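Structure provided below as C-alpha cells; questions to follow.
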Amino acid sequence: MSDQKKPGISRRDIIKGGAAAAGLVTASSLIPTRFAIGNTAKVKVGILLPYTGTYAKLGSNIKDALQLRINEAGGKLGGREVEYINIDSEAAPPKAPELTNKLLKKEQVDFLIGPVHSVVGMAMVKLARNADVIAVIPNAGANGLTGSLCAPNIFRTSFSSYQPGFPGGTAMLEDGHKNVVLMYWNYGFGKETAAAFKESFLAGGGNIVKEIPTPFPKVEFQAYLTEVAALKPDAVFTFYAGGGAVKFVKDYAAAGLHKSIPLYGAGFLTEGVTGAQGEAAEGIRTTLHYADTLDLPANIRFREAFLKTTGNQADVYAVQGYDAGDLLVQGMAAVEGDVRAKAEMIKAMESATIDSPRGKFTFSKAHNPIQDIYLREVVNGQNQVIRTVQKAVEDPAEGCKMG
Amino acid sequence: MPEIILRTEHLCKNFGGLKATDDVSLEFERGKVHAILGPNGAGKTTLINLLSGELQPSSGRISFKGYDITDARPEKISRIGIGRSFQKTNILPGFSCFQNCWIGAQSCLITSMRFFRPARHLRMVHRRADHALQLCGLAGKRNQIAGTMSYGEQRQLEIAMMLATEPELLLLDEPLAGMGSEESQQVTALLRELAREQTLILIEHDMDAVFSLADRITVMVDGAELETGSVEQIRNSQAVQDAYLGHADEEVA
Amino acid sequence: MHTVTRPIIVFLCLCLLLLLLFPVVGSSFYTGLVTKIMILSIFTISLDLLIGFTGLVSFGHAAFFGIGAYLLAILFGNLEQINYWWSLTLTLSLTGVAALLVGWLCIRTSGVYFIMLTLAFAQMFFYFFFESPHFGGDDGIFMLNKPQITLATRQLVDLDNEHHFYYFVLAWLVGVYLFLSMILRAPFGHVLIAIKANEQRVRALGYSTPHYKLVSFVIAGTIAGLAGFLEAAHTNFVTPAYLGWHESGMAIMMVILGGMGTLFGPVIGTFIVVLLQDFLPEFTEHWKLIMGAIIIFVVLFLPNGIAGLIFSISNRFSSRAPGGREG
Amino acid sequence: MEISFYLIQLLNGIQYGFLLFLMASGLTLIFGIMGIINLAHGAFYMIGAYLCYWLTGITGNLFTGILLAIPLSILFGYAVERLAISYLYRRDHLYQVLLTYALILIANELQSIFWGNDVHSVPIPELLRGSIQLTANQAYPVYRLFISGACITLAVAMYWVIQKTRLGMTIRAGASNREMVQALGININWLFAIVFSLGATLAAFAGMLAAPVNSVYPGIGDNILIISFVVVVIGGIGSIKGAFIGALLIGLADTFGKVLLPEMASMVVYALMAAVLFWRPQGLFGKV
C-alpha cells in the first residue's frame, strides 16, 4: 500500500513510465508524429490527487488505475513517452489554486488529472479552463464542474452529483417507499445529491417526512437517529461517504433501525467501506454508476489487472481513474501525440466511447459521462446489482453555455 | 487646620472568611509622611492595594481630596495623582531605565492613544522621565537595561517610575524591603528628599527608618487599626509594644 | 525592545529591492507564489502586533483573515464590476467591527483563557460560514471578478495582470509595515510594548490597559481582514478553511520562526514556511513530520526566531561603532 | 414528538457528555497542575483509538486490546512528557501552544505511516453487542451504555484517588502551590510526569472506548480536541468538577442543538461558551 502513494514529483514514476515504454519499444509499431520534435519530448501528465488525509485511498487508487490503463496501451500516449508529475492535493481547498498553478505554470503540463475533492475541483477548473491544457476529472462530483464552469478542455470521467442522486428517488418509489426521511452531510456534494434526489422523488409523488442535513464532516449521529426513529418513515435516503458512511451505517444498525426502516443512499455509502461496516451494511440499497460485481467482461478484466499490479481490490474510484487514462489514450492516438492540436484532440475526446468497467459510455455536450445508474444491494459485504434504475442518465448541465 | 488629602471610612476587605482589612478609618494629611506599621499579615499591603485600586473594598469608603474613589481602578487612581510603588520589584526588566521612566512620564498625556507622531518628539515627557531618574540618582544608569541592575538600583527605579507620573500622593510599599544597609541608607535619603515636597504614605518594616522619616504612624494588627499618633506617641505606647514588638521579635527569630 | 540598527535597515532595503526585481526574473508560478506569501506576510505581521508587541497570544487570528475574504466574496462576489475603494472600505470596517466585538469579550480574560477563547471564537466563525446555507458552506464562494482600481474612470492598476497584482500587494505590504512601525514608535506603541512586559505595572502607572489591548486587537484584526481581502481578490475564491485553527497555528509558527516582536521577522517566517510547504512535499509524503520537527527545534533552540539571530549578528557589527542606541 | 423522544435524546446527550468528560478531565488536570496548555491532547485520543484497533485486531478481543493499550498509552504519555513537555514548564504559553501543535502534526504523520489512511472498524465484543429495545422501533445499543458505565466508574475512581489517596493529596497540593510540594520533599518532576501520563491516558482511554462506535480514521483527534477545550473553558481551567459539569452541558447542548436548531448545530456549543464566559470570564468553577 505504501508503495503506490508517492506524491510530489516521484522519480520512480518517471522511471516506471520510461521503463515500461522502453520494454515496449519493439512492440510499438506505431510510427507516430507529424512533428519530429514533438516526439522527443515526453508528454507531461500532471496529477493532482490527495495522498494524505481522509481521501488518501481514493487518490492512490485513481492514480494507479490511470497508470495501469496507460501502461496497457504501451506506456505511451500517442507514441510519446509519459512523464507523470504527482502533487498531493491534501484535499485542501485553500491550497488548490497554488497547487494547480504549480502544475500549469511551473511544470507546464499537457494534461491535468484531478481531483477527488469537489471544492478543489472548482478551484482547479477555474484556472484550467483558461489555460492551454486538457483537464480530466476522475472523481470530483460537483455539478458545476461540467455545468456553469464547463469548458471545451474540461472532461469528467466520473459522475456529477446529480447522477447517483436523481435515480435514487425513482428507485425508492419503485420499491414502494413513499414517506422518506432525507439525511445528508451538509456540504456541497451532499446538498447537490439530495436536491437531485428530491427532484425525481417529489415529481413521482413521494413525500419527504423530514430533511435532516447534518454537519460535515462530523460523525456523531445518535441524536438524529433518535429523531428518525420517532418519525417512523417508510425508509431513509442518505448521502454519506468514507468514515462518515462507516459510522452512520453502524450507528443505524446499532439503534435497531435497520430492521424496521430500510436504508438507501447514494452509492458512496457502501463504496470501499463495507469491510469496516461489516454486518451492519447488509441489505442497504444504493444507486451508483458502478458495482464491483458487475458481470461485464471489461469489468472482470480490469479488476484482475488492478489486483495484479497493485495488490488491492479495485473500486469505483479506480474505475474512474482507469477511464480517465482511456480518454487520454484515445485523445492522444487521434492526434498522434501532437499535444498542440488541442482542437482536434478535444473533438476526438468528445466523440470517444469509453469501454469502461462500468459499461460503455459516451460524453454529454458538457463533457460529463452519459451512463447507466444501477441499484445495488449489499449482500455478504458486496454490492450486488439489483437492477438498472435508469439507462443513459445525462446530467442537465445547468449553466453550461457550451455545445 | 491641615488639609486632609486622603481619607478612608470604615474600610473593610474580606477574603472568604478572612478579614484582611477590618473597619479602617484613617486620615492622611497633605505634606506629611504617614507610615503604616504592623507585623506580617497585619493587612498593610492589602490596605495599600485598596488605596491604589488593585483591590476593591468589601465595604467602606475612600476619598481623595474630597472625591469618592472607592471603586476606582488602578489606572484611574494613578491619573488623579496617587502613585504607588510595589513591595516586589515591579519594573519592565527588558527596558532601559530611561524607557521605564518614559512609560511613567508618558501618562501625563491626556491619552496615549496617539498613533502618528513618534513618541520621542514629546519633549515634555522626555524632561519628566529624566527628572525622575535624576531625583532617584539613576541619571548615570539612563541607558542600562533595568533587569541587569543591582537589586537596590531596581528598587530606586521602582520609585523613579512612580515619580515620573508626578503624583500628589505617594504610596510606598516597603521601599526598603530586602536591601543591604548601604542601599537602605541611599533609599532612606531619597525618601527624606521626597518628603520635603511630597505627601507620602509609607509601609515599612524597618523601624529605624520609619521613626526617622515619619510624621505620623498608624500601627495595624490583624487588619485593624491599633493606634495612630506621632512618632513619640507610638514609641511610648504600651499597646503597640505588646502587639507589635512582640510580633517583631518572633519575626527576627 | 529591539533597536533597529543600520545594518538591519540595509538588510531590509536589500530585501525590498529583491522583491521589486523578482517578477522580472521569476517565472509566472513563482510570481504568483510570492504574491501569496506577501499577502500572508501582511497577515502574520498583524498577528505579531498581538503576540510580539502586545503580549496577546491569539489562537484565532485566522478568523479575521477569513472574515475579510468572505466579506469581499459575499458582498461583491456576484458583481460584474467591483469598485475597489468601496469594497475595501466596507470590508475593512466590517472586519474591524467583528474584531471589536470578539476583542471586547476576549480582552476581559488573559493567559490561557485568552488563547482558548480566541480559538473558540474562531471556531464559531468557522462554523458560521461552514454551515450557513447562504454562504456556500464547505464549498466556499467563487467570485466572478477582481476589484477594479479606478480613479475618475481611469484604471490605475489592472489586478487581472499578475505583475500588477504583485506590485499592488508589495505596496500594501510596505504600507502595512510602515504603518505599524509608525504606531509602534508613537506613544500608543510604547504603551503596548510596556503592557507586554508588565501589564500590572503599566496599569498602576495610569494606563487603562484593556483599552490599549482592545485597540491593538482591532488594528490587528483589521489588517488581517485586509490580507484576507487581498487573498480573495488574488484567487477569486474563499473557503471556510481560511478560518480554521490549523491556519492560526501555522501563522503563529511563522511569527515565532521569523522572530516575534520585530516587524520584519514574521515576513521572513512566512517566506520560509510557505516555501517549505512548497518544496517539502516533493521529497516525502510525510512532510508534515519534518515540519513538526522544525517547529520543535525552533521552540527549543531558537525561541527568538531568525530575527533574533539577525539582531545578535547586527549587534556585533554595531557594537564596534557605539551610539545609534535608543528606540 | 412524544416525551420518550426527549428522554432518549437526554440519554444521548449525557452519554456524549461522559465521553467528553474523559477528554476534558485530562486536559484540565494537566493545565491545573502543570500549567501546560496541551494541544496534543487530541493526538492521545487518536493514538488510543488506533492502539485499540491494532491490539484488538491482534488479540481478537476488545477487552484484552484495551488492557494492553492502557500501559502503552501510559508509556507513551511518559515519553512525550520527558522528551518534549518537560522543556516547557518555565516557558510562555505561546511556546507550549506551538510545541504541542507540532506534536499533533507529528502524531498524525506517524499514524499515517504505521496504520495507513483507511477507515477501520473495531468489533464490539459479543457480550456487549446487543441492544435494548426502548420504543417500538428504536433500540439503544448496550455498548453505549457500557461507555457511560465505564466513564462513571472512572470519574468515581478519579474522585477517590484525588480526594483520598496520598498521590491525590500531592496532586491537590501541586495544583494550589508548586513551591509547597517541593518544600514537602516531593519530586516535582516525578509528579508532573505522573500527572501528564495520567492525563494522556485518560484521553487515550476515551479514544479506545469510542473506537468501536466511532470507527477509526485519520484526524479523529482534531474535532474532539476543540470541543474538549470548550468544555474546559466553560468548566473553569483546572477544575475537575467544572470539567464534569461542562462536559454534560456541552453534551446536552450539542444533542438538543442538533434536534432543535439543525441549521446552526455546531454553533450552539460555541454560543453557549460565549454566554457562560460573558457571565463568568473564569468559567463556572474557575479561580480568578
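Read from first to last, the chains carry the letters A, B, C and D; within each, the first residue is number 1.
We adopt the following convention: a contact is a pair of C-beta atoms (placed from the backbone, for glycine too) under 8 Å apart; a residue touches a chain by one contact, two chains touch by 3 or more.
Everything quoted here is computed from the prediction, not taken from an experiment.
The chain pair with more C-beta contacts between its two chains, of C-D and A-C, is C-D. Chain centres here are means of the Cα atoms, and by that rule the chain farthest away from chain C is B.
If you average the CA atoms of chain C and of chain D, the two centres end up 33 Å from each other. Our note on geometry: chain A versus chain D, Cα centroid distance of 37 Å, whole angstroms. If you average the CA atoms of chain A and of chain B, the two centres end up 75 Å from each other. Chain contacts: chain D has residues 112-113, 265-266 touching two or more partner chains.
Listed for chain A are residues 52, 215, each touching two or more other chains. Of all possible chain pairings, those that touch are A-C, A-D, B-C, C-D.
By the touch criterion stated above, chain C contacts chain A in their complex at residues 27-30, 32-33, 36, 127, 130-131, 136-140, 142, 235-237, 239, 241-242, 247, 278, 281-286, 288. Considering their complex, residues 5-9, 51-52, 87-88, 92-94, 96-98, 101-102, 104-106, 118-119, 122-123, 126, 142, 186-188, 191, 215-216 of chain A touch chain C.
Chain B makes touch with chain C in their complex at residues 52, 54, 73-76, 78-79, 84, 86, 90-96, 98-99, 102-104, 106-107, 109, 112-120, 122, 143, 161-162, 164-165. Contacts from chain C toward chain D in the complex involve residues 51, 57, 59, 105, 108-109, 111-113, 115-117, 119-121, 123-124, 127-128, 130-133, 245, 249, 252-253, 256, 286, 288-289, 291-293, 295-296, 298-300, 303. Remark: chain D residues 31, 37, 39, 84, 87-88, 91-95, 97-99, 101-106, 108-110, 112-113, 226, 229-230, 232-233, 237, 263-267, 270-271, 273-274, 277-278, 281-283 touch chain C in the complex.
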